[in-house]
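What follows is a group of structures, each given as structure tokens.
You will see two complexes here that share chain A, one where it goes with chain B and one where it goes with chain C.
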Partner chain A sequence: MATKIDRRSFLKVLGLGGAGAALAGCDMPSYATMEEGEEQVFSYLAPEEYVVPGIGVWYASTCLQCSAGCGVHGRVREGRALKLEGNPDTAVNKGKLCQMGQAALQTHYNPDRITSPRIGGKNVTWPEALAFIKEKVTGAPVWMTGSISGHQAVLLDAHLNASGGGAHYAVETINAQAWQAACADTLGDAQPNLHIDKALCVLSFGADVLGTWVSPVKFMADYGKFRAAPRGVLTVVEPAMTLSGANADHWVAARPGSEAAVALGVAQVLASEYSVSTSALPSGAADAIVAMTPERVNALSGVDAKTLSKIAETLMSNSPSLVIGDGSYETAAAAMILNLMLGNVGATITPSAELVPADLGVRSGSTKALADFAADAQAGRIGTAFITGTNPAFTAPGGLKIEDALSKIGLKVAVAMFEDETTQLCDVVLPLASSLEDWGSHVPATGAGRGEIHVQQPLMEKLHPEVLGLGDILLGLTQDAGADGLEDFEDYYGYLRTAISAMIGADFEPEWQAVLQAGKVQAPTADRSFTANGALNFNVPETKAPPAGRLSLITTARQGLFDGRHANLPWLQEAPDQISKAVWDSWAEIHPTTAAGLGLKDGDYVTITSDSGAITTRVFLYKGVHPDAIAVPMGRGHTHYGRYATGIGVNPLNLLDGTADGRTGEFLNTTSVRVQATGDNRHLVRLMDVDQQYGRKLAATISADQLRRNQGGA
Partner chain B sequence: MSPDRPKRRPFPWIRSIMAAGVVGALIVLGGQLLEQERVGGESPVTEAGPRVPGAVFPTDTFVGKDVPQPINYSHKLHAGDLGINCLYCHTYARRSKVAGIPPTSKCMGCHTIVATADEKPEIEKLTLMWESGQSPAWNKVNDMPDFVHFSHERHLQKFLFDNPDMNIEDSREVCAMCHGDMVEVGVAKKMRPLTMGFCNTCHENNDGPADCTRCHK
Partner chain C sequence: MPSLLGNIFKGWADYSKGNEEGGHHDYEHMYALAIDLDLCTGCNACSTACYAENNLATVGEDKFGARQAMHWLRVERYFDEPDMDKIEETNDTDTQSRGASFLPMMCQHCNAAPCEPVCPVGATYHTVDGLNAQVYNRCIGSRYCANNCPFRVRYFNFYDNADSWPAPMDQQLNPDLSVRSKGVMEKCSMCLQRTRAARDTAKREGRELQDGDIQTACQQTCPTSAIMFGDLLDETSAISKIWKRHQVKLGVYKQDKENPELRGYRIFEELNVDTKVLYLERVREV
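What follows is the complex of A and B.
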């Protein structure tokens, strides 16, 4: 070391140190943090007897953050909802609640809530808004919603019937339509019960059961049991790693769109190497299996014969197993074929109970409904549209030209909590109550509870006096339309209470109170059995490596921002992404080999261009993505969604071309894009920024082989 | 004369450091002066004998600000002259972490009969609020920071209800440990420093818990 400290520098350091020490010693008196007369405290005028300030009371209700429909308990203190947890008495979530459910508080208290009806962006009164709608309505109104069930769905149908028989479009970007179609075709039951907890091996083709698929909280709880002794083995085949993939024992990258080929390839190995019979399969299946030789699988998906054998061996040595597939109809149907071959039907897949009041059942959302809506609007078949619980202007593929389609509709009424890309295009916006302010009944997305319907009750008074619950709005519109039998109900609460009481034969207050206390009500059900299956038509896509300079864009779904509806919740923007650990921004996952080929390094900005548009974001080099793919998570990139979401990140959904699955009509999640570097590079802000520990053994690891040698065992 | 004298004068380090030291000293001394003015420090217990049997009674005093209130409620009149038990109005203190401001319905329970709106201008204000369905917006006198969790229930349990030598009617003596003799003042004032040092001293003297997370949650 050549550095020499001279007398001058020495004095400087000494002096500064001394001044620092003197300043540190002069602590402000600690009551400087305490205030007198700064805050106000309001007493009750005449409190209810059970209200004690400072003591929370828990009420049961239902979570509406996604369409799984988990039961919740909410803590209320001094008239304010403060905390949500899972309702332990529900069969679906058994006391657990995911981060999106926890963040419902921020949906409720969000400063960007719409507090008044609006016409053309100007605040008006409810009578003015309703008079405007009455005056401008043309043709039979249609409804576009998210997945919807329970008594709101019944009223929605009643409104449509009473006002001319318009269509109902239930739209969900993240759905399980392909799986449901495959189950309906092979078992005659679109939503069979899945028992992950009873399986010893789970094989998933592109279904993120732990993250976003159908009812993630339910599946996570089952997964916990599945991983307890004897430890189940999880294998995941997908083009870009999801939360489920990250938890898998064996993760296999398949070329986007080729999961069906891998599943059929595994089926062929089972048939040829383990002599598993294919004779009882639906017609068409056996031929598809024979055609899918390991060489063909490799050509289509890039998955080699050794991997197929390993997956088959895992399935054979861990029985019963469960195979799940989603993303395209072929993938789901191939997964069901594996289940049929392996004898899982009846073991880990059982018939769901049929809800006897069938009109309460779930209207599962799809992207086909969005395509239908756009087509009907373009053709001028829609005069008036009510839109709630979905944001088509944000989620629609660019190829759909949804803005153009919406502009063809005479009157568009949004029933919404927040201004978003869709409400911007609507003529009238009606302010919607939050899930913590509203009444409702919801049928969970899985049939786990055998007819358990979750009841939603307000946890607190409405924050904004002008907002109305969806049920109340539907009831009002239906009454206005002159529907029979609804005249006597003053509000949706009265309707819901009467309807539920009639269903369970309850006439008295205590029974109704018991329903509210439990947060659920048992609807009558009928047993169902799997029915004989018809033919399956396989049309396995001819996937191949993309031409030079092009990649397959995959829009990935994440628990958190979901399809973008939660981007305005700071908690979820701030929660590190499960895969990249990034916060408050978008990124594109790309395989290091592909990145090297394109001359890209971590943090380089790229422009991703499809026929429908372009986005510019930075790349995140990650081995958990197929080399032919570039994966951009959906959820960010809002242009109009309040102060927390607007201008944060990019939206990959608009880049999709809208190619639809042949059987289900669902949009396929991949599209061909061009990727070009812009020359910019900036650091992606991530929690846990580096992948290495600099030799410091911060997290001690041991290889499985070493552990076996040290600890003994098989 | 040295020809290559630098044009810019070097920064006067020593003088700056000394000046910073003087400023620092002033801040320290000022803070201490302020503290002396507000906190009376140790003062003799005014009444003979232990006010709360089995407990070391805090004797720190503090001169709180005058906090204006929407209604000039007098503790001296109600709790002192009339001898109403603190827990009659602050009824939540024994059931919750907060003592609570009494609901207006409780005030009106008496004031529709005694000292009514016709007799007293302050009660007239209260009655008008009650009739128009408005709660008075009281200004908070004793306001703990949000990171401190103080439970009235726990302290009353220890010093009043679980204290075998304590006369159960003398709740005001227990309240006075942290709130001073409210029966001496009109509109409420802060009369103890309620700093962490104050809490800690009392916890040490009375075997209260000493782990951080008991109060800081």
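What follows is the complex of A and C.
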């Protein structure tokens, strides 16, 4: 080893040391060794061992943008998460991701995140916040969350048990409770596996399978196979066009709330024209079918006999089929009756396997839970409430008077990433880590049957040092409440690793690394079979044309802003709505005939008034909405939700009166409203103001017959 | 050492080969897309993936309304279907009886790109990968290229859009490509940086680049796998096969298909710009 240092290398070392010291602090290797004659030089800029400058590394985790629970791969370069893609090894999303998943980066890097605990809007330290909670807590605390599963759900239950047995309210505005209830009643399995890819015909009554229903990315991937040869036919019956409706071969507009009548009408056509037996159906079904004559269907829904025949013919000539329904229990049950009649059960609907560690399963959110919460709060039964992953002050129907209900609760603690309408009403706000900073395990909304549990791991260091993961907060609270068996865990990571290792029966580093690398772990499952069904109680609503001057308001859900939780992401605000192509504002969809009757033209402002409130927004005229309806997509109209969402658009959810479905207790998404022009007009900003191709061959179409002639070359 | 004379001869040889053999270009690769409109649900995942991958700025309502949005990939939506309207006698004009038609529209990477010859400074040119590229730091913002583009897929930075990424949002920016500044035209690059990364990876692993190694961001995320990407010069690639199967040829302004009912077509083919995006017609049950 040469010990002589020439001037050039001396300067090099100095320069390196100087820059490094400035950037990296003092805990890096020093160059003092030089003085001892060694020439070993370490760069102060040398990154961690696993960081290769300029090279992106992909880590597996789980998407939490909706409750579907898709697996993701996140690209990390120089310690930052830069891009998310689907995890190709998951059964749910098979490497794919929707725009909400892509935009999880903007949730994480959002400039409006809460970075410190707050009491009454003032920043405090964690010990202060926890001391405040401890001092003010009264009664057994309750939790209100969105859909939740996995080990966070286990800890949540543990916290409730250890602290007095309070209730857990899982709230989701966009849910599939009606479908799950109908499946439970007819098959004894609330979440059977649906095989869109194996069906040759899919008939949907108000369930937006491609947009927002249960697990849209999974269903879209299946839809891709469904459209491959032999090509499946999609028919959608609904009051206002959804993303699924926008991809339908046949789209049928039904009066809001009358989808069940149409489904039963189709069943009658199947029975009378195609002699499909109704004898094996649950009791009550056959009578409901007989009562639903084509004339009655027409009176209730506005759908004529010819359309019913066409739907029936499509079902009969494309077997196996799959019928899906949601929105009301009657609709879902009528869809299941069609499945039973057509022999789809066992073909395109198969039993889900049972998750053996049942306590990990999904607590599916509902709007009934919100109603229960409001009722319990109003009655003074809730002393302390923890709220996370849901924004009841934004999503609750006006008829529920949620602000009033919340004011009756002694201590309200929000665990949140952003200030929103609900955190405004809470006493304490605890800063939550983003999905890219946290540990967790999640059972996919559809995948429970396969026992594949997705594992969430942090993709990068916390952006804000004060934020904590939900699991860590739950573990801390539970330990504090004196639960047994949790004392030894220092953090949620330790708990999760121990729990998962116990589940797979191994606690070795390689196994654990393999779980993290795959982003998933296989939980033990048990087979299940469909059980015989009991009676169905049909109570088809008497839908009729609204009285003069009134319309049925429909609050529609879109993949994008969803129930409003993604309104603070500029990518999604600027992504043109799939149907209207509008950006950065709300609009009301109205049929041209109805608009003509009201003297409205595109861009006219209208005030929509219900018993619970009023909103003013612009109309968008198009034929994809029933003439008796006016449809306003949910998601905008925030009053407190950061710089990108506040003051933009209107929130139609507040206009709902809170009328609930008889069987499931879910809020129905329609209500009667008055629509009046304000006299103002302003152009609605859209990607494109034309709906026509004017004879140019842009998005060309051919008939399916033509395709079949060429199936070989399809 | 290539001489001037040698260059002239080579140029002439290429030119005459291009004349004899429609669509011939002296490229190393010819990257192209194929989009099956029958699988496209119009969900926008591709477009948002593009925002994430390519550092696209969001501009807000007013600038969007002034056609100053930066969406390299937009999903257009149409309600009319001229061919279907002819077939379907029962088409009720009062209510919608079918869904919509969606059209993902991005730079078509024309082999005879009308944007290229009008650039006064040569900021837009064709690469040896067959891509229509934009050199940001050469661009002077004349906007002639955007004027000349029949697809309206070139996006001009009328403003400095740096406020699109208030801290810490700027940490998400992809360091593999630049953030464009005011006065510069930008457009779809078919995720050039992902091509580079895939090549580097293949080289590091000591192997040849294979079909499927390069995935554009839009193709990667498409939930129904409607988008396909690959090298048309590689005869064995999936993309060459689908172009061949649909009997769509490069270098012509009118396809002469043996089977005219095949679904493949190119938009504005009659303009003879020789686009490299193959669309497959949407199918509709009558």
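One rule holds in what follows: the second predicted complex is superposed on the first by the 644 of 714 C-alpha atoms of A that agree within 3 Å, B and C clash if a C-alpha of one lies under 4 Å from a C-alpha of the other, contacts with A are read in each partner's own complex, and residues count from 1 in each chain.
FYI, a residue touches a chain if its C-beta (ideal position, glycine included) is under 8 Å from a C-beta of that chain, and two chains touch if they have at least 3 such contacts.
From a predicted model like this one, the values you see are computed outputs, not experimental measurements.
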Larger contact residue set on chain A - chain B or chain C: C
Touching partner for A:G86 - first (chain B), second (chain C), both, neither: second
Partner chain(s) touched by A:I608 [first = chain B, second = chain C, both, neither]: neither
Set intersection of chain A contacts, chain C complex versus chain B complex: none
Partner chain C, residues of chain A touching it in the complex: 56, 77-78, 80-86, 93, 95-99, 101-103, 105-106, 108-111, 210-211, 216-217, 220-221, 223-224, 227, 231, 233-234, 236, 241, 243, 245-253, 314, 463, 559-560, 570-576, 578-579, 581, 583-585, 591, 593, 622-624, 627, 683, 685, 687-688, 691-693, 695-707, 709-710, 713-714
Contact set on chain A toward chain B in their complex: 11-12, 15-16, 18-19, 22-23, 25-31, 33-47, 52-55
Residues of chain B that touch chain A when the two form their complex: 13-14, 17, 20-21, 24-25, 27-28, 31, 34-35, 38, 64-65, 67-68, 92, 95-98, 100-105, 130, 133-145, 190, 193-197
Residue ranges of chain C in contact with chain A within the complex: 37-39, 41-45, 47-49, 51-53, 58-62, 64-65, 69, 71, 74-84, 87, 94-103, 164, 166-169, 171-175, 197, 217, 220-226, 245-246, 259, 261-263, 265, 267-268, 279, 281-286
